[in-house]
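Quick one: the structure is below, questions incoming.
Chain IDs A, B and C follow the sequence of writing; residue 1 opens each chain.
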Amino acid sequence: MSRRRGIPWLAFTCVALILFLYAPLAVATIYAFNSGTRLVWPPEGVSLRWFGHVFGDELFRNAFATSMTAAVATAVVSSSIGTVAAIVFTRRSTKLARLVEALGRLPVMLPPLFVGIGFVALMKATSLAPSMLTIVAGHTIVVIPFVILVVTARLRTYEVEVEQAARDLGATPLQVIGRITLPIIAPAVFGAFLVAFAFSFDELLITNFTSGTQSTVPIYVLGRLRRLVDPGANAVAVILLLIPWIAFGVGQVVLKRFTGSGLSDALLQQGR
Amino acid sequence: MTDMRAEGRAAMSDGNRRRIDDELGTAARGALATRGVTKRYGSIVAVDGVDLDLPAGSFFSLLGPSGCGKTTLLRIIAGLEQPDGGTIHVDGLDITRQPPERRPFNMVFQRYALFPHLSVFDNVVFGLTTAGSERPPKAEARRRVGDMLTLVGLDGYERRWPSQLSGGQQQRVAVARALIRHPRVLLLDEPMSALDRNVRHQVREELLRIHSELGTTFLLVTHDQDEALSISGTVGLMNNGRLEQVANPEGLYRHPATLFAARFIGAGTFLDVAVGARSPGIAEVDLGGIRFGAEDTGLTGDRATVLLRPEEVKVTDPGAGRIDGRIVTCAFFGSYYELTASTACGTFRLRDTHLRAPGEAIAVTWPETAGIAYVPSAAASAATDDIAPLGASEA
Amino acid sequence: MQIHRKLETLLLSPLGLFLAATVVLPAFILFGYSLFLWRFLEPVGALTFENYSESLTAPVSRQLVINTLLIGVPTTIASVVGGYALAYYSVFGTGRGRRLLFALIVTALMASYLVRIYAWRTLLGENGIVNSGLEALGLIGAPLQFLLFSRPAAILAEVSLFMPLAALAFYAALAGISPDYREASRDLGAGRGETLLRVTLPLTGPAILGTVVLTFFLSAGDYVTPVLVGGVGSSTVGTAIATKMGPAGDYGSGAADSFLVLMGFVFIYLVLRAAMRAGRILPERAA
């Protein structure tokens, strides 16, 4: 309807809802820079002491390193196997392709708890000890659907005819993938890489089961949060908030700039 | 009339949702008039001060190229867009400010917009069950749906679903759905555009039949001149938001009022001529030395563009006509061949019953008084060779 | 481009095998584990369904299920309604705020899961903003204890988690509806509200069903929120399963519980679908 007479009460409700969603985050961020130790309002002053305090903790530094390593590894693994599979999904619709695609989109519909306990069972049955391998494997499962989402969205929006033209000019299917398809979708793959990184860094529900004695940043934070009064926790929380946000932000910018549509558009296509 | 108007306004202002119909009663219904309707999108004027007059019960087509504003005008009349200026009256009542659900019009959408989650029956009965409608009891509603489906030739289709129907059938359901509310004006948005060629002829017949049976005013919008000229009683030609000419189909073809109309309707040859003496209605024109008389549409200055319809121009042997030339193309159209011939004074579009070979030398001739002369436009020579011949203008 | 069978299988195998090993296989293993009693992290005894019968009959289970419902149902309702409102405005509202709103929804979704839950502590705690504010306004004498570590706190936190997700799902569904349908509905006499009820809602029916069930499912499986901001009354089936499969080492019971929960949600889905069809919110046929 072109005559968009504003629906004022709906607009008001939406503003309220947005405030509801962001208020906690804003407050936690404010307190991360609080110079005092108590959670009183208004905050006592501005300081970066809590960030220094946190980075001074060896446990945190280890957790940070673990998280970074796991996130990069997850991003590499998931974006590579996810992209390759996505290429097949958008070109073939055999039973096998559709089965694997359904499987690939499945983890979004499962509570991470269930994926986690599945891992526990797997590790028990195969006597596999928790390690970086299991952490990365767990992260990859939850991240794959998003990689598939972003990459298939990009694959569906460019002309398939260019690939057929390449075949017509003598290229084998493998050459077509390597010299035509991949270069064209490279920005989308990079965007998916960053999305995978972000989700992996923040992952908690599965990592609890797959990390054993190692800590990732979310696990570290959870440990600190169990103590009731811990102003340092705010600082870590902010770090935990920022790193994935930055990764998402860069991913979104890259996607929009090079492919004309961002993560949000890919998410929209999913619904059709 | 004044009493009815006042009554109508009173009914609307008390928030009563009864249809305007009831207030106006059953006097001659379906006369639609727009005055000065204007619509702007940013700096673009989509509809520019359009005055339209549709008598009750008429079949009117709005014809024009893409972007001329015809669809926008239709949507403004339906209430789906608000005009920036102007008024719309139906049977004397001003409905410019009314929302779509309270106007006594109904629309058949270009892609039908049948509700996919409802059966054919539920789609057609929808208009009787909305808050602003009469809401007849179930048995009567069922009967009326049955009558409508029979009217459009889909007897017994109540239980089907839109996804099970062909394009033509979906359109009929859309028509039935719109007509069940007895609108004063039925609005049709490019009804033929989504249909196969062979189905269009059928649909044309159906629409004409329904129109004569019901006597409802029909307002149809299309870019296809075949559609407009073959089905309507009156055609309004639009260009760049303005209504250029309103006439019956024959009048539009034989006497296009402007150069745009001449180019848009039918096929023809356009010649660049010098203007000589002028008498009432006729101007003497000079085509590189060849003189003849052409209808004067209000010439100013000393040059003009003359339209010669293919029926006015004949092929003869070289030397036996007004101007010699060579055949460039020859295309077969069943009952005739369509030819283009190049001459020293321009390219001619003609018809002949014989096959001609490209390169063949011929001569072209036309009567002493022939064609229509227009004031030349800036883009005069641009589109001369791009005009499709009548009969080949498929969407 | 033609991909031959062999190449297709080759390209699909990394993902396919990976998922088969990490998602499909564990499901079978879990089921196998659920058929034994476990002690000290080892299965003992013979095949038995005792884990299932125990979970179904124990009074503890009933309390857990009630808690799960007491948290899950309000969470789902609030998330779905709020999400639909946000999505509706993003798609159909007046031009200006729409894109910003959508960007805010997506950004909220990308915010850290843990921080989104934990941050409620700073709002609801004894020295938190809400209490300090109420005290400053003179409305209360001492800080309210029940704000934090209670079911309402868990509900608030989970709603802030799931509402953006619901909003996104509904945005996709609403944006995918051709404007023709709503215009046709208006043309046929329905006002804005009636059009929403009879046309827009049913056309987004499948999305609503899926989102409701998924949100409830995710809420049931969220075992961190109750720990962080919930209180005594917020142990859910999720926290129970997490404990059993974690520190407690009772894999048999944990596995059995998870299958029972899964079946429970399939049941919920079917019941909800039938109810929505009866209420004409879900069309009989896919739109």
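Quick notes on this one:
As a working rule, contacts are C-beta pairs under 8 Å (C-beta built on N, C-alpha and C of every residue); 3 or more make two chains touch, one makes a residue touch a chain.
Owing to the predicted nature of the structure, the values given are computational and were not obtained by experimental measurement.
The set of chains touching subunit A and also touching subunit B is given as C.
If you tally contacting C-beta pairs for each pair of chains, A-C comes out on top.
Taking each chain's centre as the average of its CA atoms, subunit B and subunit C sit 54 Å apart.
A straight line joining the Cα centres of subunit A and subunit C is 18 Å long.
Counting only residues that touch two or more partner chains, subunit A has 1. Across the assembly, subunit B contributes residues 80 that each touch 2 or more other chains.
For subunit C, the set of residues touching two or more other chains reads 183, 186. Within the complex, the subunit B residues that touch subunit C are 19, 78-80, 99-102, 105-107, 109, 111, 113, 115-118, 126-127, 130-133, 161, 163, 177-178, 181. Within the complex, the subunit A residues that touch subunit C are 1, 4-7, 10-11, 13-14, 17-18, 20-25, 27-28, 31, 38-41, 80-82, 84-85, 87-88, 91-92, 94, 96-97, 99-100, 103-104, 106-107, 109-122, 124-125, 137-138, 140-141, 144, 160, 163-164, 167, 173-174, 176, 181, 198, 202, 204-205, 208-209, 218, 221-222, 225-226, 233-234, 237-238, 240-241, 244-245, 248, 263-264, 267-272. For subunit C in complex with subunit B, the residues that touch the partner chain are 178, 180-181, 183-191, 194, 198-199, 202-203, 205, 283-285, 287. Residue ranges of subunit C in contact with subunit A, taken from their complex: 1-5, 7-9, 11-12, 14-16, 18-27, 29-30, 33, 41, 82, 85-86, 88-89, 92-95, 97, 101-104, 106-108, 110-116, 118-123, 125, 127-129, 132-133, 159-160, 163-164, 168-169, 171-173, 175-176, 179, 182-183, 186, 207, 214, 217-218, 220-224, 227-228, 238, 241-242, 245-246, 251, 254-255, 258, 262.
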